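Here's the structure, in structure tokens; my notes come after.
Chain lettering (A, B, C and D) follows the sequence in which the chains are written, and residue indices restart at 1 in each chain.
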């Protein structure tokens, strides 16, 4: 941590800040510049409260040097982490891309099985589908709950696909973990810290979606919550951020894929469905995500998007999905990956 | 709802969309323009799934006409709602401004009582303080939990101030409601729909903070979740949004105060502490918020911000708070309000 | 400047960076931390190219210590700068607030004179009005050009109000400076560096509007361009930034007023008309801006906004303006300012 | 255009708005809904001033139906436009990708020729390099001006590469057009309407970069300015927008590539250098841009980025560029394009 004193600060203020820093267990080095005095605070305490020092008289600003995340970082683990979606099953984070697809919501048994068969046949490794739905409006369809989980489990028995489904609340973690292979934490819950701890205390892998206004650092700190609670199997998933752009529901930021990979060993997926919000944008963004280095994709597929109960504008249908998979195979090869 | 067909759409596509709209229980009116055909869909169904139609062939875009929120809107209730923080106590939303202040976290009994006395003496009506803290990093101080709630209750006994404190999880609602007068739902939980329902099913008023990337519409829909679950007493609180601005922790958008008041009857508070992130910005933004029409303020005050366990950079100390209150009294009078 | 080396960097890389920094004329101090080695570079070169170092092998990041702006900063001039709009006339930046009002565009002589009379009578000090209009669409009204400037000058003769009008291009600077008292550089031109230099090379004061996506630092650097070219009379004007918010045309960030005043001596105005985009939001934001510490306001006023050729949605009419001025007088007094 | 009346509006207000709309030369259709009355205004006037109506009493909101841009739209021209960078030379917008590369600034003759040879050898079609530099700070290197243009022209003679260089001001258009093959309008000038007209009035193709906070609609309207002034040869270029993201200089939004292609016939390039701001992010974003459907790339290449006078952090060196080109060839093939 670097503490920059203001030009008008006094010797007494400087001494006071040095004392504060040393009380935190850090060593100080003073650098007297032309316009400013700077205190370099040395030591391994990542999370000392910078605010306390920032508010001290005479301080202009604080500059952190260490990233606040630790176990998610490449400093701690240099090689990439690959995470098996099911024991002995396909992994996310190795050479093979992991495509997880399925309807936005589980609506009924037949529709789900039809999609599951198509996902399996086209080369997917996981089946997604919401049983508990986070809806912006209280008047919208809220999901089938446990019945939905049962259908998902049945689809797994039939196809072998790993089941990835969202858990909305601490009170549902046990229930969802009983049926699912991977517990998804949605964008709106990325900083629901109680939920992060709860999924960290169970054993199934966690797919953590980036919050709509989360920085890279906050995203990795959310992963750190899960890992810190005991569960090292966190798959990150970019799904678009909120900006002023009006032609898409969210702004998908693929640059975060190589940016995360530089600082973290965790696998990174991309969700071009929520990341764009329009079916016609899904295919190009699937291709671009893989070209940018994504380890997998989360895609919403519905046999009849027009009649889907949720997210109808952004789901692609089965023939479109099959075409995406064919084109993905070519892109994967061009970047030395495989489907 | 208005459905705009693309110029290249066929008669058959138009007929198909008309049929879809009518199956939703809406009446259709066709308008043949110079470049486009437009379908006006008439009826009181606020939440039909526009996505389904948007994804139909030949459709260019959908334009909703009705706001998706209802019970929070002025259409349903024209006069302003004032909400008593305690039975028979001060209200937020009437002529008197409601100032709620206190430390970021409840740290210990003596500090809390010291602040409570100062808030009461300066004319505040509520005491804030976190017992359960949502922290970006798992390594940070997480709050005193029930012990913190007990200190808050003791401060209420002593001063008469209403206790406003955050509830982080469905599993804590009962516990927090036992001690607090007002349950706060934090910005990170504004779309934690399970929590919104849970606070809607108990009787204490709810202070709902705006999410960092929430639109006005999403903010009011979150309030609608609470009201819809049975609790009409929702106080809205602007606390800054995430933008590219670098000199502040969040961008405080005071314009939302009159914008909400135009479409909703609910009272609106402003939190200039989180809304700016720096102690030196708190006073001017308190004054500006009241000038803009806010019904109350949420202010972090600590006797010794430098040694605060959380948010040290943005808490003001007691003398600063006393000065803010004096200046606020003058602004309040200038806009025909009172402290 | 602080250079943070990555944990994996070598001694040779460190030596190389030290050499680069010293070649820039800076002195280096090495700090060996627990996880990182840090190079503190000391000297008064504000604008050495940090990028060069950032791209050197082994460097993790660069942290600037000095702000890049200089002549606009309080370090160079501690007392506030007040700028006379006309020789011997009213100033912006002193105790008195400066209200500059008028139509979006100069449309015709009579309308302009009617507004000018009303602005003068209500206590304004300047008359705004566009003769050259920056329009998003090439099909929109582009302004009356020199004829508009002549009407503005006539209104000045009649009322004594200072004329504030926008200059769109280097090629118009002479022409506009012949008629206007203050040259406005619009938000879309805040980084039109050729124009900044050109208005810096003439003598009339400059009203510089913040770009829609400008940081505080970029805003002050734009002012620095003007001052550096020879013209110290720069009035800054916040007018809203682009965010995801949907209920307003721009997000007005009043927090920048005290934030600028902390680091710069220049006066700061606020434009609540463009800053909100809707007439009903103008009054509350005028009051809030003054409460936040603004030195003046820029307000669009039109006798008949419905028939205005530009910005009809956001202009207030004359009776509304008169009411704003009355309410402003009360707020001004509450913050020890005067109209 | 759809005009939505508020529920509380009167018959008289409705009649007044109908009259306003009809005075604009549009036909009206009234739709009486359950909660609202809606006026559908039919006719081909794209740019009537919606604001006038929005400000009329009783109006809740206005919803435009037609896009404001016309000549840039696919409605007017359905097939893709390909634009030759030089008469008889390579085009942007056909099956072949157009790679334009070169240093950020033209610094000296030898460096430029070295890069030009490398760009040519690796398969590029254009040479970029700034002779006039838009710099955030007045203290930074501002470019070699005409001398730089002469070096660029010499490099074209030697290699055959088309010269793409930025024009900063109306006063430079003739000079730059004398040497360059393609005139670039930078992001900061995307709404410098005088400059847009000026480049529209000369004959060389224009490369128009998206402003940092421009919507898709504003971007196409800027193109429309150029086309409308007489020059149909506009190449669009995405270069990142300003958001809250902290790990990159801008947020590159590749989704805009297929979104533009849906509504416009103009070719679209991507600039991953400015779009990310860090050399290590350039390669993955080049690959992703082509996978997303971009027609070409603008890449900054410097033989010795560490010693570049501008943008040192984000330029790649020649071996890195050669590797990018090899990988691009594979991606191009995977999406049925070619280098």
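Here is the rule we use: a residue touches a chain if its C-beta (ideal position, glycine included) is under 8 Å from a C-beta of that chain, and two chains touch if they have at least 3 such contacts.
Since we're looking at a predicted model, the values are computed, not measured.
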Other chains in touch with both chain A and chain B: C, D
Selected interface, B-D versus A-D, where C-beta contact pairs are more numerous: A-D
Interchain centroid distance [CA atoms averaged], chain A/chain D, Å: 31
Centre-to-centre distance between chain D and chain B (centres being mean Cα positions), rounded to whole Å: 38
Junction residues of chain C - those touching two or more other chains: 213, 241-244
For the chain D and chain A complex, residues of the former touching the latter: 213, 215-217, 241, 243-248, 251-259, 262, 275-276, 280-281, 284-285, 287-293, 327, 330-331, 333-335
Contact set on chain B toward chain D in their complex: 2, 4, 7, 29, 31-36, 38, 40, 42-44, 63, 65-66, 75, 242-244
Residues of chain D that touch chain C when the two form their complex: 20, 46-47, 49-56, 68-69, 134-140, 168-171, 188-189, 191-195, 211-213, 218, 221, 224-225, 228-229, 241-242, 278-279, 305-315
